[in-house]
Amino acid sequence: MVPLEWYITLSTVIFIIGVIGFLIRRNIIIMLISIELMLNAVNLSLVAFSHYLQDLKGQILVIFVITVAAAEAAIGLAILVSLYRNKAVVHTDKITEMKG
Amino acid sequence: MNFNEIFGTFGLQSTSFLFQLLIVLVKIAVVIAITMLHVAYATYFERKVIGHMQVRVGPMRVGPHGLLQPIADGVKLFFKEDIIPSNADRTVFQIAPLVAVFATLSSLAVIPFYDIFYIANINVGILYIFAMSSLGAYSLIMSGWASNSKYSFLGGLRSTAQVVSYEIAMAFSLVSIMLMAGSMNLIEIVQAQQQYWYGMYLIPQFVAYIVFLIAMLAETNRTPFDLPEAESELVAGYFVEYSGMRFALFFLGEYIGMIVMSSLAVVCFWGGWTVPPILLKFIPQLAIVPGIVWFILKVYFHIFLFYWIRATLPRYRYDKLMALGWKILIPVALANLVVTSIIKYIY
Amino acid sequence: MTMEKYVLIPLLPLIGFCINIWFGRFYQEKAHWISILAVLGSFILSVITFIEVLQGKVINYDLYSWVISGNFKVSIGFLIDQLTAIMLIVVTSVSLLVHIYSVGYMHGDSGYYRFFSYLNLFTFSMLMLVTGNNLMQLYFGWEAVGLCSYFLIGYYFRKQSAADAGKKAFIVNRFGDFGFGIGVFMVFIYLETLHYTDIFANIHTLQGQTINILGFEIGLVTLIALLLFCGAIGKSAQLPLHVWLADAMEGPTPVSALIHAATMVTAGVFLVARFNPLFSMSETAMMVVALTGAITSLFAATIALVQNDIKRIIAYSTVSQLGYMFLACGVGAYGAGIFHLFTHAYFKALLFLGAGSVMHAMAGQLDIQKMGGLRKYMPITFWTFMIASVSIAGIPGLAGFFSKDEILWLAYNAGTVGRIVWVIGTIVAGLTAFYSFRIVFLTFFGKFKGTHEEEHHLHESPSSMTVPLMILAVGAISAGWVGIPPLLGGTNMIGHFLEPVLGHPHVHGTHAEEWMVIAISVVVALGGIFTAAVMYLWAPGIPQLLGRTFRSIYTVLWNKYYVDELYDYTIVRPTKWIGSRILVGVTDGKIIEGIVNGVPKLIAEFGERFRKLQTGFLQHYAMGMAFGLFVILSLVLIFVKQ
Amino acid sequence: MLPQIIFGYFAIVTIVLSLVIITRKNPVHSVLWMLVLFFHIAAIYLFLNAEFIAAVQVILYAGAVLVLFLFVIMMLNLKEELSSERFIGEWPIGVALGLSILLFIFFSIAKLAPGPLGKFTIELIQKETHTKAIGKVLYTEYILPFEVASLILLIAIVGAMVLAKKRT
């Protein structure tokens, strides 16, 4: 039997890799993929908890997370497309119009 | 003499893990072997059927009635030079046809060919097939993109959009089946159909069946929805840059996909390996025929349907295709789903 | 048809209002149908209800929980007892007649549908006021009728004086309602309920309690009663808040008849009568009510003597008659007060509508000195107006006589205060007869004093106006017959009818005394009429002579005792001064603007500094978030023990 | 022992895949590796007896979301992407921040105290089938959030169409 902590640790590591990816990549697409990575990490921990605590709530939450992730990806990519159409870049350091 | 005695002589117990593994491996081998053989002769069958429908005779030269033609084709493709375009993304280019074959072959794992012959019996069988068919879309998009050619790229984009769109309609048409059977397990779906005297969901769910048939054609990129490989516009679509064995793998994937889709149609709508109980009542002798025969007959009827449609229908325009999928099939499937749920709720 | 019937009584006019205000402009000239049908429905239901109440059925029913907040519970509910039944009849019948009258009077007006929808809204509000079974609903109706009154006084809102009069009515009423509101709060604070039945059941617990205000120990009952009476003073235009009613005559005449004579202004009397158990517990409060009523009635009657504006005279007459009703309530004769309210509604509405008919013929002319001899041009108006005047003057046999006589007789019986107010009431009776007939003589007798064009224009009003006049005339004659005292062979039906709610004061006077009271009032009334006839028919020079001789008195009366001017100097101008100098100049100009301008300046200053933090670079923000997570995690790890 | 070995395989593969995903220069490769990662995560779900979630993971993430990503990436200019810098200038700060958070979460995991057990034991779920068990909970207890989720999807559809539509 694999202990619960292993799953949580795995989930944490993937999550942090997602965080780092989000923080250091210039390309917005990779940043979005990093977000998906983080969401998957969270889903993993939720399913693990759900399994070990014998409660389906975690998995219900996973379904909602997947729903929101799909919506987030659709909107995010739509924003990206219109951004690319206007400025022809997908790099964050090129998009600093909101600079104070 | 049963399996236990045979294998017992080799020191294997029927309950042991290794024995179970062996059984599964044997089953997989059998299924793959038969499928490969089928694909080879399916091309022959197709050429013959279309030939006769167009008042030709089809391949006649190699072997009696051209029976060895598929072998000759195979040998030719196998020895042909494998060309990779210089600007292509090599790895992706090489993997793409493998994905195509892998996705369709692994779908076969959950198809119940006969009540005692199936590789895996899982509770989310239908979802598994959806998952694999969505994986299939990747082979198209990967090959289209990796070739670094505009024809194949356009073909890849088209086909992916088409497959993703029609998957929704197909899923909705099958949801009504799941609703009626109360299960996503394909074996249970077949068994559930036996409770009716007509023994198949085709009759109450004919709307879903029609939607499924159309979506099935689009999913496998067959005429009249073979736009990704529309010769007149895109040369050969996403696999225009492929040759030799990799080209053959795409063909393999397509023909296995046809088997998978036909099997799914048979399982979900035609009662799988069973015959209608009413028929058995009047002709009890039919019970002697093993179920696998019925299954194969039904599957081949559907494969014949594929060829028949290819021989008779012209190709669709792309925007019409998307309009058909989103504006007609999905609403019809949804309406059918609502009606089914209401009727199911009432009874 | 159990509760629906009672709900429908106020609801029908509300529905009419909604339909007319929303859709009225699509069928401008037909708007009256909906309004009249709605009020007719209410009237019929009211009559049915009245008959039920007559058979002894009293309804007290909570329809719907309106507000529930802590122990504060108020519902929309109906209390339909004898008092409410009488009020229902008064309100719906007068309202119905005024609606019909308005069809002719308002014909061709650009805001025709608006007028009718307001009338409907008013009827709804008034019915809510009288049918409510709790103070909150009364208060709701109270304010709603005030609002409608404002709408209708300022109906000709393009006319400056009308708009001003509307505002004046609203603001003056605020003073009264301020006290009323506090009274309601105090009732809730001390009794923890606003429902009449609960209030009256627990009211004895307040007996003897006192409250310290500015060093004076004041009886709680007296205080609450006087606070509630404050509201009544405002709404019923008693001294010193009477100033709005005369100005309210800027509104259309049907409005004056309905709101400022027959119904809304009597809400104060209704309030006092409804709370008679409370008022009866405090002698001080009773005395205040009685004296306020008596003084107001004398005060208003004297002003009415010299005015020339036909509607204003009737308005002051209304103030005077309302004073009469309060006088009655103050001496404990609530039944007599409500009886007078009942009869007054008909003859005063008749007077107003008659005046409206005259105005209609005179193309808006209001000055009675410029009229005369209208008798032969508009006979129906003349006869009905005559009946109303005879009725208000208190000539035996007509409505006004019985109710006025009842009040005077019960006042005569009510101790020292009663005797004082009886004397005042008798004088007022004479004055009333005088000024009523002054109008009649100046308007309908003698020669026409206007221009030729005006004379040519004179005509009888259309039937939609004269028919209500005639119906009201019947009321003005016969409304009093329900209260004929035993002495004159009657049974005082209305008094006995109202007795379960309002009680009946003990009468210890002899028959001889009662005959005397009647005789005095009749003689005084006839004297008033005779004097009016002498001064305005037979010797027209006398008024001028009197005016010159008693110039100072005449001027004071002509200027209505300078009350408006007094208010202008003591309240209006100081308020304006404070507003313009202190509030606008100092508070708004310096303090508020200083804050308003200073805060953004400060923010701009900070913003200039902090904007450097905004690099516009997405990852910098993301790193900020990650750092925040890091800080929170470290805090959690440090401070949260397992 | 076998479960631990299988878990070890999946753990190593998923972590390596994650690292690969965030470091690839070519976004298409990233997405394709992501696809592989999703299949592994789905396998972990199967391992945790969540077959329905595993199927949904593949169908939705692999079948829909990632295809969307691929579509978008393919329409962008890949040449420029391949020739430009991968990371932002301050990347060491980002890595340091991430690693410090990781460290702290490790400390927190040591304090993990699981709550009380629920009623959905593995036997119960297997008897009822996972899909049915989840469906019952989802459509009774969580029906309102479920409806709200559908609303979110609707808004996302409309929003994406409005944003990505060419203004002509």
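Labels A, B, C and D are assigned to the chains in the order they are written; within every chain, residues are numbered from 1.
We adopt the following convention: a contact is a pair of C-beta atoms (placed from the backbone, for glycine too) under 8 Å apart; a residue touches a chain by one contact, two chains touch by 3 or more.
Because the structure is predicted, anything quoted here is derived from the model rather than measured.
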Based on which chains touch which, give the shortest step count from chain B to chain C. 2
Contact tally winner between A-D and A-C is A-D
Based on the averaged CA atom positions, which chain is farthest from chain C? B
Could you tell me the distance, in whole angstrom, between the mean C-alpha positions of chain A and chain D? 7
Round to the nearest whole Å and give the separation of the Cα centres of chain A and chain B. 34
Whole-Å separation of chain centres (CA-atom averages), chain C against chain D: 73
Touching two or more other chains in chain C are residues 619, 623, 626
Residues of chain A that touch two or more other chains sit at 19, 23-24, 92-93
Of all residues in chain D, the ones touching two or more other chains: 52, 56, 64, 88, 90, 93-94, 97-98, 101, 105
Can the chain contact pattern be summarised as a line, a ring, a star, a complete graph, or none of these (other)? other
Determine which chains touch and list them pairwise. A-C, A-D, B-D, C-D
Looking at the complex, which residues from chain D come into contact with chain B? 26, 28-29, 32, 35, 42, 51-52, 54-56, 58-59, 62-64, 67, 70-71, 74, 129-131
Given the complex with chain D, which residues does chain C contribute to the contact? 619-620, 623, 626-627, 629-630, 633-634, 636-637, 642
In their complex, what parts of chain B are in touch with chain D? 89, 92, 122-124, 127-128, 130-131, 134-135, 137-138, 141-142, 145, 153, 157, 160-161, 164, 167, 183-185
Sort out for me which residues of chain A touch chain D in the complex. 1-2, 4-10, 12-14, 16-21, 23-27, 29-30, 32-34, 36-37, 40, 43-44, 47-57, 59-60, 62-64, 66-75, 77-82, 84-85, 88, 90-93
So in the complex, the part of chain D that touches chain A is made up of which residues? 3-4, 7, 10-11, 14-15, 18-19, 21-22, 24, 27, 30-31, 34, 37-38, 41, 44-45, 48-50, 52-53, 56-57, 60-61, 64-65, 68-69, 72-73, 75-77, 81, 84-91, 93-95, 97-99, 101-102, 105-106, 109, 112, 114-122, 125, 133-134, 137-138, 141-142, 145, 149, 152-153, 155-157, 159-164, 166
